[in-house]
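What follows is chain A paired twice: with chain B in the first complex and chain C in the second.
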Partner chain A sequence: MKINHHEESGIVIIAPKGKIMGGPESTALHDLLHDLIEQKKTSVIIDLAKVDWMNSTGLGLLISGLTTLRKAGGELKLANVTDKIQSLLTITKLVTVFKSFDSIDEAVKSF
Partner chain B sequence: MKKPDIKPDGIIIPSSTDFLAEVDCFIEAKLAEAGVDQSIMTDIAIAVSELVNNAIRHGNQSDPDKQVDIRFNISSSKLVISVIDQGGGFKKEEIANPIDDDNLLREVGRGIFIVENFVDDVEITELDSGGTRVKITKNL
Partner chain C sequence: MSTSQLIFTLAYFALGGGLIYLAVLIIRDSARVRLNRITSVMLFLAGLGPVFAALGTVISPYQSGSPLKESPLYNLFYIWELFFPALLYFSWVFPFDRLEGKKVRWRWMVFVPHLFHIFLLVFVSDTDKLFGLIVFEQGDSNLLNSIKESITSVLTWLLIPLGLVITSHKKFFSIINLAYVIGAVSFLYIGMKHVTADRLKKQVRVIIMGLHASLGVYIFTFILPNLIPLELSDNLKFVLGAVMLLVGTGSIAWAIIRYQFLDVQLIIRQSLVYTASSAILVGSYLFAITRFSSFLETLFGKQMPIINIALIVVALMLFQPINAQIDNIIKRMFLRDKSDYRNIANSLSAQIINILDRQQLFQVVEKVLNTSLLIKSVGFAIYDDEQKAYIYFISSEAEPINLSETDPLLGAIGQLKTPTFFDQIDSWNLGSNLATHFKVGGVQMIVPLNDREHLLGFMTLTDKMSGFKFGYEDSTLLSTLANQMVISLTNVRLYRESLVRQRLQEEMNLARQIQMDLLPDTPPQGKNYSIAAHSTPSRTVGGDFYDFMDTDSKGSFGLVIADVSGKGMPAALLAAQIQAVIRSESGGSDVGEAIANVNNLITNLSSSSGKYATLFYGEFDPEKSSFEFSNAGHNYPLLIKADGSHEFLQAGGTVIGAFEQVPYDSHSVKLDPNDLLFFYTDGLSEAMNNDDEEYGEDRILEFLKNNRTRSSEYIRAGILADVDRFAGAGVEDDDTTLIVFKINGTDGND
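And now, the complex of A and B:
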């Protein structure tokens, strides 16, 4: 899985593509999130527009990112959540944990 | 590294998450071949990925000498997939409820809960020969 990321107004936007199912792609996303924290970049948006689906490993990665960033004084927000991932967030009640936005612009403005 | 063994009605993989994508390809190809609706296909792909992850990590403890056997059977009325590991088994009732407020921020423990939401039946059996079989059924 390819993971692009860039910075906009001091906020890091991570845009994974494909499926987040617990294989090497999940390790790559985990490592990227933790590299950013080490670099003191703690305002992060994950753009899910091009993520086909994720499983509980993907959800666990998002939670790990969220809690670690919050401990470091930052925040992780979601953008462009697809219907399938929204359904997973609803089923697992994680919809109450994550702040999500319909676009990157809205997510950036919310910081 | 050992390779997956692909058969007409299943795939056997070594206990490594490196092979999750190959299992997914196998399952999605089978479902597409059977003309299963895209949304159901995704639900099943997610459910199987949960079961195979569990089998690799918790069942077989990522032991590369152990295998995970995924068996696929589809008819006009239902889809049945079994995931069999060679581990020590688990008790579903020992898994904390992932939607309790106290557990929402836990990074793990949602797999079986998600599977139960996406299929019509989940049957967990400890096999006499050792290992655990999780059989999921989706009515079509």
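And now, the complex of A and C:
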């Protein structure tokens, strides 16, 4: 799993790649979110276009990211969710919790 | 001079010279240590004894024409007797320093009697002169005269014992020296009793034995003849004197050097080689020069002193470099033969290959380097996985130093492939803390410890005690050593990891135990339904569990199946908490409300840990044959109707334990005879075959539809067998948990 991120009009867009399966690389995402909160950057979009799959640990990562950012007064939104992950979010009914968008532009506008 | 005298003289010179050489070596080792200083002084004075004795036979003051004849300066030779107070002083600081931390001003007083002795002998060796000092000129005044006379008589009385001392000073000081030696031996005895270290005890014992032996000889040779009429021949005195000095000082030198400072064998070999190379050089020079001058003499028919002087100048200029070269060649031939290195390497690999403790490894390596290469001090740096930093420690310093990752010197060491001199590393002076440590510690050589990709650590070596330079063979040996250490360190790491694995395994076992304890022994059984359940924790215990609980006295019961995210102990504990909370919330008016309460409680408990659970909870009322449920983010359980149609049990809310105050819906289904409910966790649906294909919901659905008329027990065993067939012999990554809930047919069939 690789984590690239950039900023667009004050909103941080994180674009992980591959599988989000937990393990040492997912601590990188966790650390990144904490760094962002310290820098008072709490509006975050996770672009899931390049994420093939995530397991329950990966899901836990998104959940803790969301709760951490919300506690800091921010928000974590998802963009470009693939079908497979969409079904995962549907089954777990996390669709009711996460705000998910079809494109980054839409996600950025929603802030 | 007779031949025997000549031999004794040379032996005395050699003995004295050897002792003085050792004294220089020891003071060079470290002049800051009191023990070194006093040992050095003692050996130097002991060396002066035989040297003076030898000089005495060469330039005897009693020979006619000797410049020293009649001169009291001859008595300066008695300086060597200061050896005795030095020995006493030595016995105070060895085997442990009695003077450490104490301000003992009188300690130098032990030298006073001997200094006084020398003073007397040099300046007032003649008793007549002594008395002459106090003979005043006769004055005019009677009063003055009588005062002078009385002073003179008092002084004369005072000087009589002094005169006696001088006339019999040999006897007198023989006794004093004897007292000093006895004192020193006594102190050493007391010291030895206080010493616990074996090595030190041995050392003191050698010294005491040596001193005893030489004391005996000394008494026999020099004291007895002064006290009783005993005549010893000069030759015998020479022999006994030499034996005494050799045994006494030799034992001290051996013990001190062998155990305290250096490898004595190497020093002896080095000295021999040096003497030999010098002798060869001087010999060949003399040979060449005599040949050359006789050649010149025959050529010119007369002697040419100028040419001789020129030859001496040339020889002096060439002597040092040539001698150094010859020295090197001989050293390489005799001292540094390659088998030594092979032996060191072999013994080393045998010693370190089985060491599984890092500290022990460093101790062994340091010992080998100390004894075989005579390295004064060795430092080790090692990457510590826990602290995520390189830690540098030197045995002489108690506290290890954590190295900064950004230290430029550390980066430079990371690039090294072979042992390298510290001063050959370019970037060391770029504001490196480590370089400061190295400079303070006198680091000369850096040995990198690399495996294929990483710098595991490095060793630092100071210069050698012997003063030898690091050579090509040292470098080869250090490379071999570094390779072996890398292997050994890798072993240490693997061993540690296996320990961690073992610990994890223990934790896993405990978690598995907790998990198994959570599972009910038997599912509830009623007359119109049957239940079969199964749970296999995977090797990395997850947080799956299922449970049943009575919700009223009329046979209603609750059913829960859950999957806690994560593995191991934290997951097992969260599972236990969830189970406890559900049990307390079950049997209420609305299952959605019950799950909302469970969620709020668990979210508070597991706040911000990122842990959550998917959970399905349902309550079955056998009277109404209704099943009310709420699904908290769990895989949809399946309701297979008797006619083969199916329904997913979706209603509910999101996962448990992540978000507070989220709503949970509930829904109720009517269960008819032969209806089948199937609950499972993702361990079943995500079981993979070798082609990375998941068993999947569709296969589950297909199996259930095909086997819906079978008993719950048959379905349970059958689907597990089907998944095993599908996934092959592979180990399941996730827990597999399932519940088969079947409403009995009205005809009494399952």
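Keep this in mind: the second predicted complex is superposed on the first by the 111 of 111 C-alpha atoms of A that agree within 3 Å, B and C clash if a C-alpha of one lies under 4 Å from a C-alpha of the other, contacts with A are read in each partner's own complex, and residues count from 1 in each chain.
One rule holds in what follows: a contact is a pair of C-beta atoms (placed from the backbone, for glycine too) under 8 Å apart; a residue touches a chain by one contact, two chains touch by 3 or more.
Source: prediction; values computed, not measured.
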{"item": "Partner chain in contact with A:Thr68 - chain B first, chain C second, else both or neither", "value": "second"}
{"item": "First (chain B), second (chain C), both or neither touched by A:Trp53", "value": "first"}
{"item": "Most chain A residues touched (candidates chain B, chain C)", "value": "B"}
{"item": "Touched partner set for A:Val97, first chain B, second chain C, both or neither", "value": "both"}
{"item": "Partner chain(s) touched by A:Lys19 [first = chain B, second = chain C, both, neither]", "value": "first"}
{"item": "Chain B and chain C contact sites that coincide on chain A, given as residue numbers", "value": "56-57, 59-61, 63-64, 67, 91-94, 96-97"}
{"item": "Interfacial residue positions of chain C with respect to chain A in the complex", "value": "563, 565-566, 608-612, 614, 631-636, 652-655, 658-659, 662, 682"}
{"item": "Residues of chain A that touch chain B when the two form their complex", "value": "19, 21-24, 26, 52-57, 59-61, 63-64, 66-67, 84, 88, 91-94, 96-97"}
{"item": "Interface residues, chain A side, partner chain C - complex", "value": "30, 56-57, 59-61, 63-64, 67-68, 71, 91-94, 96-97"}
{"item": "Complex interface listing, chain B residues touching chain A", "value": "17-21, 24, 39, 42, 45-46, 49-50, 53, 98-99, 104-111, 113-114, 117"}
